[in-house]
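As written, the chains take the letters A, B, C and D, and residue 1 is the first residue of each chain.
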Amino acid sequence: MSEQDYVEPATVGAAVAALAAARGSTRLLAGGTDVLVQLRSGRVRPDLIVNLRRIPELAGVRSEDGAFVIGAATPCAVLGEHAALARAWPGVIEAATLIGSKQVQGRASLGGNLCNGSPAADSVPALIAAGAVALIDGPAGRRECPIEAVPAGPGRTTLAPAEILVAIRLPARPVRSGDAYLRLIPRTEMDIAVVGAAVNLTVDAAGVVTAARVALGAVAPTALRVDAAGAALVGSTLDAAAIERMQAAVRAACRPIDDKRGTIAYRTQVAGVLAGRAARIAHQRATQGGQA
Amino acid sequence: MNDATHAANATGLKVVGQRPIRPDGADKVTGRAVFGADVHLPGMLIGRVKRSPHAHARILRIDTSAARALPGVKAVVTSDDFPRVGSEALEQGEGSATLVDVADNCLARGKVLYAGHAVAAVAAVSSEIAERALDLITVEYEVLPHVIDVEAAMAPDAPLLNERLFTAGVTPRPTTPSNIAQKTVVARGDVAKGFAAAEVVHEGRYVTVPVHQGYIEPHACVAWAGADGQHQIWCSSQGHFAVRAMCAKVLGLELRDIRVYPAEIGGGFGGKTTVYLEPVALALSRQCGRPVRMVMSREEVFLASGPTSGGVVEVRLGAMKDGTIVAAEVTLKFQAGAFPGSPVGAGSMAALACYAIEHAVVTGYDVVCNRPKVAAYRAPGAPIAAFGVESAIDELAVILGMDPIDLRIRNAVKPGMKAVYGASFREIAFVETLQAIQAHPQYRAPLGPNQGRGVAAGFWFNIGGESSAAVHVDEDGGATVITSNPDIGGSRASMAMMAAETLGLPIERVRATIADTTAIGFSALTGGSRVTFATGMAVVQAAQRVVQDLKRRAALTWECEADQVEWRDGAAYCTDASKEVAPLSLRDLASRSARTGGPISAEVSLNAQGAGPGFGVHVCDVEVDPETGRTTVLRYTAAQDVGRAIHPAYVEGQLQGGVAQGIGWALNEEYVYDAKGVLQNPGFLDYRMPVASDLPMIDTILIESAPNPRHPYGAKGVGEVPIVPPLAAVANAVQRATGVRMRALPISPPRLLAALDGEG
Amino acid sequence: MARLLSAVDEVRAFTGTADVIDVQARTVGGLIAELERRFPGLGAHVQQRMAIAIDGEIHQDALAEPIGPDSEVVLIPRIGGG
Amino acid sequence: MSRVRIEAVVNGEPVEFLGGTRQSLLDALRDELQLTGTKEGCGTGDCGACSVIVDGRLVCSCLMLAPEADGRTVETIEGLAKNGVMHPLQQQFLEQAALQCGFCTPGFLVAAKALLDRNPDPTESEVRYWLAGNLCRCTGYDKIVRAVMDAAAQMRAAGGAR
């Protein structure tokens, strides 16, 4: 590899240009916590690595009239320390700060977690439940799409070859909203989620659910939004019947596989359990503090 | 808090029983300690191994020509570069192996027997070039059917790993080859008569899966061949004399031509008692004359280094209504991996060792299968056997309506009784250890919903064996203790303490070091919980010789008889009242040593006899999430008969470490293979060892009421017993919490939830 | 005369069925020589693959260890460690 | 793999070295700078033995490329003791036998320092969850957690982090 095989562009435009001009295989680097493992195992041997961490637009958190715009390369540890973000979106931040160890948190980013394309990625179900939007740039210019449109299958996304995920926008949300994310791992830390479940909902003054979104991880080739599950909660105060209807919808949507981490039966059963628990936490958060 | 009731101070000991800072500690907390992979020599090459992608295949052809031609590659070896060797037995911790098997495990000859089996190796100027060279080596295989599960491997129609393997220990000698390498039987009394008399008979079949020792340091060494045929090796191992012996035999060299330096070792637990890289690195270095460093990746450690067996334990107990166990029948089927040598022998003898059972028979099967060759793992074989026996005894307690500790006390071995394996017990404190747990606050503490408490006991022989140690006195009256046993758990501290106690010096004036194979007498490896006992005995005898020498020099100085000199608190005192002489301190005598005969030092080599067996009793509280099957360990206490604790903090550390490994073994650790026999989880992400947030504090009780009289300070081996009880303690706790008896490990969330839903 | 016991069937392969044998020996070395004489192969097997418990205390490779006139001697498989 | 010039401040010392564009920061520290106190236990970010602090942030050096250290500060185990005087964490680990083989100890000490920099009075649970990324197979973690909490108390008594 005579010519440059590693670049650290300072702007989005320079990064897109480098990707477009690249002749061989390329790999983007944000936190690197997935890319370095793949490099080490020899699963990927990119001719060019483009490190995005020095691009200001991809780093940090900005709030715009209630919405939050999170740079795609911002380390999850930074998100965990952002008080306003953690207050507004406890579920998203829970998911982001569950990824790996404190050491991994110091590097891993929401952009990397999303674009690595793992069906078990912790942050993706929470972002989908939150109705988050991906801000993408590339040779064809800037575009946006819902988070759930990005993953295409294990290790694959719908991004075009020279496109870059620039940021993730969490929409402004009505008062009395709350979200939560839970995952099942055999240990208490350090495992990839066997099952993940996120719930985001809004309630009225009486605590009745007016809007709800439910998303699951590790139960299908990509993270899964389950509209029927969200609908089952709307109009209820999370009484047992509503929870059971929601759990039935969740289990019906699961299409998991048997692998070294879990079985089909187990993932399907526990997906319902976690979704039920996450819904109760989200409801409690919505009725208590609501959105600050 | 830890309830260390050590009787040290009661016996007037000044250093033994205290908790000084270990003399070698500073290097380890400042990053200066040199482990195997930290050795850096000028002109050093990087060695890498090419491994089999198949679980079982014949090697038809290996073509290394392209690899040899790659610029930067300096050496390439296959088993053709190893001489043909015989099948003499090698002493290797527990897993007795033969020389030809060790050699074939370092570089496959004719056949590969597990996915990850080493086939060839290269040495190059950089790891990048070495990796590319591996890709240029082509190997032609004839893939064969494989077998991994132990009972599948025992089946008559199972694929055979070795057409020339006939089951030993069976008369008449079988004529057809088998994967069963050996059958062993340990028996006492008349089992049929025992079961006929029993009022209650309980049977259970218990299954464990292969687990790895899990040391955080991958195997590492540097080898440097000398132009004159004298070679040097730096390596992290549990016994560098054993490494020297195996390298010499595998490569057909003389022992005197290989000098092995002990690097610090990053954990072993029995897994670093054999060789994987050292002979290969030396063979590579002999081809090019340059030092070659070889370090396994974590993936290679899981693919190709010795875990312990997975096993089937069938237990049948016959008891009277009053709880007396009158008959026991146990069958153990252990995986040996690619070559014979599972710990089924030791497992058979340890299985019922805690209990005085009149009629007992334990049958063991050592079964080869397409997995890495098994290596010793802390009390090899005993945790697997104890998982079966201690679970079955817990079930018996429920059937009889007895407190599980009362049932064990009723059948516990006591001093003077004969063990099932034949030897009778002398100074042991198993009953006191059981009573200590029964009296501990945890045993009576209230439990909440979905919570349960389990107890289990464990035994290990502990061994003595050959050790050497030297004590050198410095001119300023300090001393250095030199031994040749790698220090994994703080043994340099206990060596220095025993020398200081004997010399009458404060610990600060005694240093302890580990010497290479040319600078100290031979020692068997660090393992079998033997170092504080056997090497400690050599240290104390060497220090005693120094004291005798110092008394002789004082007598010379005072011109009195040697027996008129007493040695106390680091100084010589004259008992002849007529001689009004001031005492002579070690510093006084050392500073004038030239005038009384020259430098002061002594070296002792011995074969330590009379190692005392150890007993442990653990109690474990768990909570189970009934909706997800997750188990959380809430509280854990481990009591152990330790003889006397030399350095109580490091003895507690052995108990706490063994418990953590046992909990991992019980809850989440397992190898996952695909249909082609290839390991799916060769890494710390999916081979789930306990992390800090998984565990509570682990309380320890050191029982010191039965010191071992054959050791100058009463010490017994303590390192291996702690891993024996936890598997059953956790399983028994889960049964009390959920009502479901889990007889297969690990008790992972998917398995427990399936059992809770009745599909178990 | 020492009373020799064995609980392990690998010894029975040499001695036929006898589990208890009376043997004339004053040291471990003498015992092994006597066993080799009366049951060819057993002496070498004990030397290489077994340990000897004399009145409850386990010895390995301790040829000089004394055996009392009415000592109880037990042959047990060699024990290693991890 | 090409090699690039890297300028960084390691343990307070400006250094300049050539690092490979596919070489991890861990390998660069060990092979280019001979700082072998930072260890490789797995190479995949699952064991924490390679923990270092980069620009104040605790990370796994095996999950960073060497060129990423350009222009940044790196703290390794070799920098924890200042002018030959051990940090309270190092002292407590020795006094409480919070290490046996010592291979994971550098990673634990660096991670614990990063914790105490942020949280001078952590609870047992906070210590255990912060250190969950550091695997130890010898100790069972009990004495490590106690040593970290005692060092924190010692540092609070001495008036805050050094």
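Here, a contact is a pair of C-beta atoms (placed from the backbone, for glycine too) under 8 Å apart; a residue touches a chain by one contact, two chains touch by 3 or more.
Note that this is a predicted model, so its numbers are computed, not measured.
Taking A-B and A-D together, the chain pair joined by more C-beta contacts is A-D. The distance from the centre of chain A to the centre of chain B, each centre being the mean of the chain's C-alpha atoms, comes to 44 Å. The mean-CA centres of chain B and chain C are about 27 angstrom from one another, to the nearest whole unit. Taking the mean of the C-alpha atoms as each chain's centre, chain C and chain D sit 55 Å apart.
In chain C, no residue reaches two or more other chains under the touch definition.
Shared interface positions of chain A, i.e. residues touching 2 or more other chains, are given as 41, 188-190. Residue numbers of chain D whose C-beta contacts span two or more other chains: 1, 22, 43-44, 46, 129, 132-134.
Every pair of chains in contact is given here: A-B, A-D, B-C, B-D. Residues of chain B touching chain D in their complex: 19, 21-22, 25-26, 28-35, 37-38, 40, 128, 213-218, 264-269, 295, 297-298, 488-490, 647, 649-650, 652-653, 656-661, 683-685, 689-695, 697-698.
Within the complex formed with chain A, the residues of chain D that make contact are 1-2, 4, 21-22, 24, 43-46, 48, 51, 54, 57-60, 62-65, 67-68, 111, 114-115, 129-130, 132-134. Within the complex, the chain B residues that touch chain C are 89, 91-96, 169, 171, 184-188, 269-271, 273, 343, 345-346, 349, 375-380, 416, 418, 420-426, 461-465, 527-530, 607, 609-611, 710, 717, 720.
Residue ranges of chain C in contact with chain B, taken from their complex: 5-10, 13, 48-49, 53, 55-62, 65, 72, 74-82.
Considering their complex, residues 131, 299, 627-630, 632, 667-668, 672, 680-681, 685-686, 688, 690-691, 693-694, 748-750, 753-754, 757 of chain B touch chain A.
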